[in-house]
Amino acid sequence: MTKALLSVRNLRVEFPTRRGTLVAVDDVSFDVMPGEVLGVVGESGAGKSLTGTAIIGLIERPGRIGAGEIRLKGERIDDLPPERMRRIRGRRIGMVFQDPLTSLNPVYRIGDQLVETILTHTDTNNAAARRRALALLTEVGIPAPEARIDNYPHQFSGGMRQRVVLALALAANPELIIADEPTTALDVSVQAQIIALLKRLCRDHGTAVILITHDMGVIAETADRVAVMYAGRIVEIGVVREVIKSPLHPYTIGLMGSIPKPDVDTPRLTQIPGTMPRLTAIPAGCAFHPRCPRAFAPCAAERPNLTPHGSADVACWLFRPAASAAQVRG
Amino acid sequence: MLAFVVRRALQALLVMLVVALIAFTLFRFVGDPINQMVGLDTSIAERAQLREMLGLNDPVVVQFARFIWHALHLDFAISYQFKQPVVALIGERFPATIELAFVSALFALLVGIPMGVYTALHRGSWLSTVFLTVSLVGISLPVFLTGILLIFLFAVTLGVLPSFGRGEVVHLGFWTTGLLTASGLRAIVLPAVTLGLFQLTLIMRLVRSEMLEVLRTDYIKFARARGLSERAINFGHALRNTLVPVITIVGLQLGSVIAFAIITETVFQWPGMGLLFLIAVQNADIPVTAAYLLLVAAIFVAINLIVDLLYVAIDPRIRVEARGV
Amino acid sequence: MTGVDAEVPRLSITRRPSRVAAFFDHDLVYSFLHSRVTIVAALVTLAIVLAAVLAPWIAPHDPFDLRQLSLLDSHLPPAWAPDGDRRFLLGTDDQGRDVLSAILYGSRISLTVGLLSVALAAAVGIALGLVAGYVRGALDSIIMRAADVQLTFPAILIALLIDGTIRALGDARNEQTAFWVLVLSIGLSSWVQYARTVRGSTLVEKNKDYVLAAQLIGLDRTSILFRHVLPNVMGPVLVIATINLGLAIILEATLSFLGVGLPPTEPSLGTLISIGNKFLFAGEWWIAIFPGVTLAGLVLAVNLLGDWMRDALNPKLR
């Protein structure tokens, strides 16, 4: 079995406030294999972005990693001194954010920003770095790169800017890219292009991707496996085709049902009643139980852990052997 | 780009006209110019004759036009107090004020910007707390009080620096400078620090708040995610973006520095325009007051215009808008 | 209860907190009580304000009563110095006036001028801002052009100009009116910030539904402006006012120091400092330094309170 590229175990991200400690990512564990695309899907506030930010070590005060381990190729990276972690960023793990307009420094030309990144991680000179920058721009599909390399960010359209951002993230050839909602801020017509580009680039470079999004369509299109997050926890994780075709967790079922399918004649889209709980009021036991149509006795009492069921792992009492017995006993 | 410059120039002109109007109103209608010029024993007939000669009975618009004409030729008649041409009086004292203003601004920039950067990057350190406390005191102390305290400390108690005057000056053409003599340099220290302290405070706070704002942006986050060094992020990216608005505001401050020089010049008996203006106000010397106002307005307006154009040059985003692309 | 993470507190809302507890829990009060600096600043301001208000009753001497003054008492150092006199705790000036009493009365005047001028500036600024933002059109343009022109110049220049003009127009030595001339000068030199902010807020509020509703009911413009729009734009105004109070006090002190403010017969802290300045070189430091320290302390405290209020009211920093 191939060794995991990234291994996250029991990750907890918390925010101390004067009203108590809020837990935004609660005991999250998963692996990412080299070259695979892992989708992380869930509603806003489910903790997806924070998970990504924690992996690359950019959680801002007062947030902090409260517990857990993150390993890159077997070595721990969550407790590294700042300078060692900095060297991993960009070089081994890259990250791309949602809004390409605000991701680029407006007063510097994109060529300068590319060259700077290349020089930080590679031992070359300016001329060589500039050649590499041009090559990167070509690779991400910027037409006439020699002309555009000296442009400022605001001179590019949204889609072009995101391509530049991808070029910057890939400049040092990282092994893993964390893409946090890379297409949400883009026009629908451009989204597909960028996703296709991301897929192609990662395949060409052998880069693994953690694709964070709330858009199931993007996941279906791009990801190999998918993790479904709810209220800071992973409720289901498995191969994409399986999760979409036969979702296990009631929340995942609700999610799949709420996506309009053009070729299926559905009279009504599924609506999951209620909303995701706020961090200050996460229910005891299974966080989803107040909204779950199939909740029963153990759900409110104890939190279910991820257990394998078929090709997926699911955190639900419905799939635990002890559950059926308890259900009978009431 | 051209449209932008023209628009700004027109705005500047408007301001100048309004100020000219105010100055003219002062000149003509506040107090009686005739009474200021002649003695008590001049007869009424003679006064009326004088009034006619000076064109004081012409329509107001004509008088205003004449006023502007004279102003453009730098002719502001005679000072009521000193009985000398106003232009000569102001011209004589102009270099002193300008030198003081520039030295104090330089001091404020050279000390204020590093202090601001430090407090933004090292929040919570004891030195930052010291700097912030100093800045709070700097904002709370009126300029004259700073001057008095500095005089008390360095001139009265320690006796190391002079407390008044400009020291020896060197004449270079029509300019006089005190920066080329030892006594001149010693004399400018306390006034420059006094005038510069409140600027320093403003600059420091501005740099700090701008920098903190910049450090929170997405592009800084992305720069970190790319593994750029702290130095590259703080000084290459953050500082560069911080200085853009800071430079504009500092430029705009230069105008008020010239105004606050009035106070500093009073405390240190510095022979500049500000002191002249104050004495003029106290003694209702209208020609000097009006002339000073126009001059200072012209300086402010010019500075504003230059700063606006500079901003366009520095910030590439605005350059595109100005060009209308 | 195995498997449940017992260390992390999960909040379950069982009872609503009492009103008192809710008050202390409010962000504003919380940040106030937890900032020692702010508490100290508030206490200092309170102390000075109280002392100023109660000056006529707590001052040991009346520095303006010419009958009480004696030149024999003049130039006395503070009580703890070798030549000091215990009757005059902080010494006396060249006229024999008790410095402590002069400071108390001076603070009173400084504070009054400061508050009145801020009130004037706010009133003028709010009124003009509301009109400009609501009525728009030519009136708006005129007001904003005037604001632009005035903004080109620092407040001190404007204040000096207004002050000087009134002096030249009237009797320059009229000491009775000096107080009001000062309030007018400082007030009129600082209305612009209020006007601009209020205008901006008014422009925003104008399009909101509640204004539309009021218009539909048939309320006249003045009612809409003052009873409906005004309360919603007061927030930023308060912030500006706190900044401006410190500036107004400094401006008044400066004008008085320069000799175009309050005269020695009705001295504010600034006037006292200018009087004391003359004797600094003679070694009689107390005449200038004590009023100076009081002034600095007052402005510092006001600024700290203003800083705290701005931070507490700023939604971005919460």
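Lettered A, B and C in written order, each chain numbered from 1.
The rule is short, and it goes like this: contacts are C-beta pairs under 8 Å (C-beta built on N, C-alpha and C of every residue); 3 or more make two chains touch, one makes a residue touch a chain.
If you're wondering where the values come from, they're calculated on a predicted model, not measured in any experiment.
Participant: Going by the average position of its CA atoms, which chain sits the greatest distance from subunit C?
Facilitator: Chain centre farthest from subunit C's centre: A.
Participant: Return the chain pair with more inter-chain C-beta contacts, choosing between B-C and A-B.
Facilitator: Taking the two pairs in turn, the one with more contacts turns out to be B-C.
Participant: Which integer distance in Å separates the CA centroid of subunit A from that of subunit C?
Facilitator: Their C-alpha centroids are separated by 52 Å.
Participant: Averaging over Cα atoms per chain, report the distance between subunit B and subunit C in Å.
Facilitator: Here the centre of subunit C sits 25 Å away from the centre of subunit B.
Participant: Measure off the straight-line distance from the CA centroid of subunit A to the CA centroid of subunit B, and report it in whole Å.
Facilitator: Going by mean C-alpha positions, subunit A sits 54 Å from subunit B.
Participant: If a residue has to touch 2 or more other chains to count, which residues of subunit A qualify?
Facilitator: Not one residue in subunit A touches at least two other chains.
Participant: Looking at the complex, which residues from subunit A come into contact with subunit B?
Facilitator: Touch list, subunit A to subunit B: 56, 58, 86-91, 94-95, 97, 99, 102-108, 116-117, 120-121, 152, 154-155, 165, 168-169, 171-172.
Participant: What residues on subunit C touch subunit B, complex-wise?
Facilitator: Its residues touching subunit B are 145, 148-149, 152-154, 156-157, 160-161, 163-165, 167-169, 172, 246, 250, 253-254, 257-260, 270, 273, 277, 280-281, 283, 285, 288-289, 292, 295-296, 299-300, 303-304, 307.
Participant: Going by the contact rule set out above, which residues of subunit B touch subunit C in the complex?
Facilitator: Checking each residue of subunit B against subunit C gives 11, 14-15, 18-19, 22, 26, 30-31, 136-137, 139-145, 148-149, 151-152, 156, 163, 255-256, 259-260, 262-263, 266-267, 277-278, 281-282, 284, 286, 289, 293, 296-297, 300-301, 304.
Participant: Quick one: in the complex, what on subunit B touches subunit A?
Facilitator: By the definition above, subunit B touches subunit A via 217-219, 221-230, 232, 236-237, 240-241, 244, 315-317, 320.
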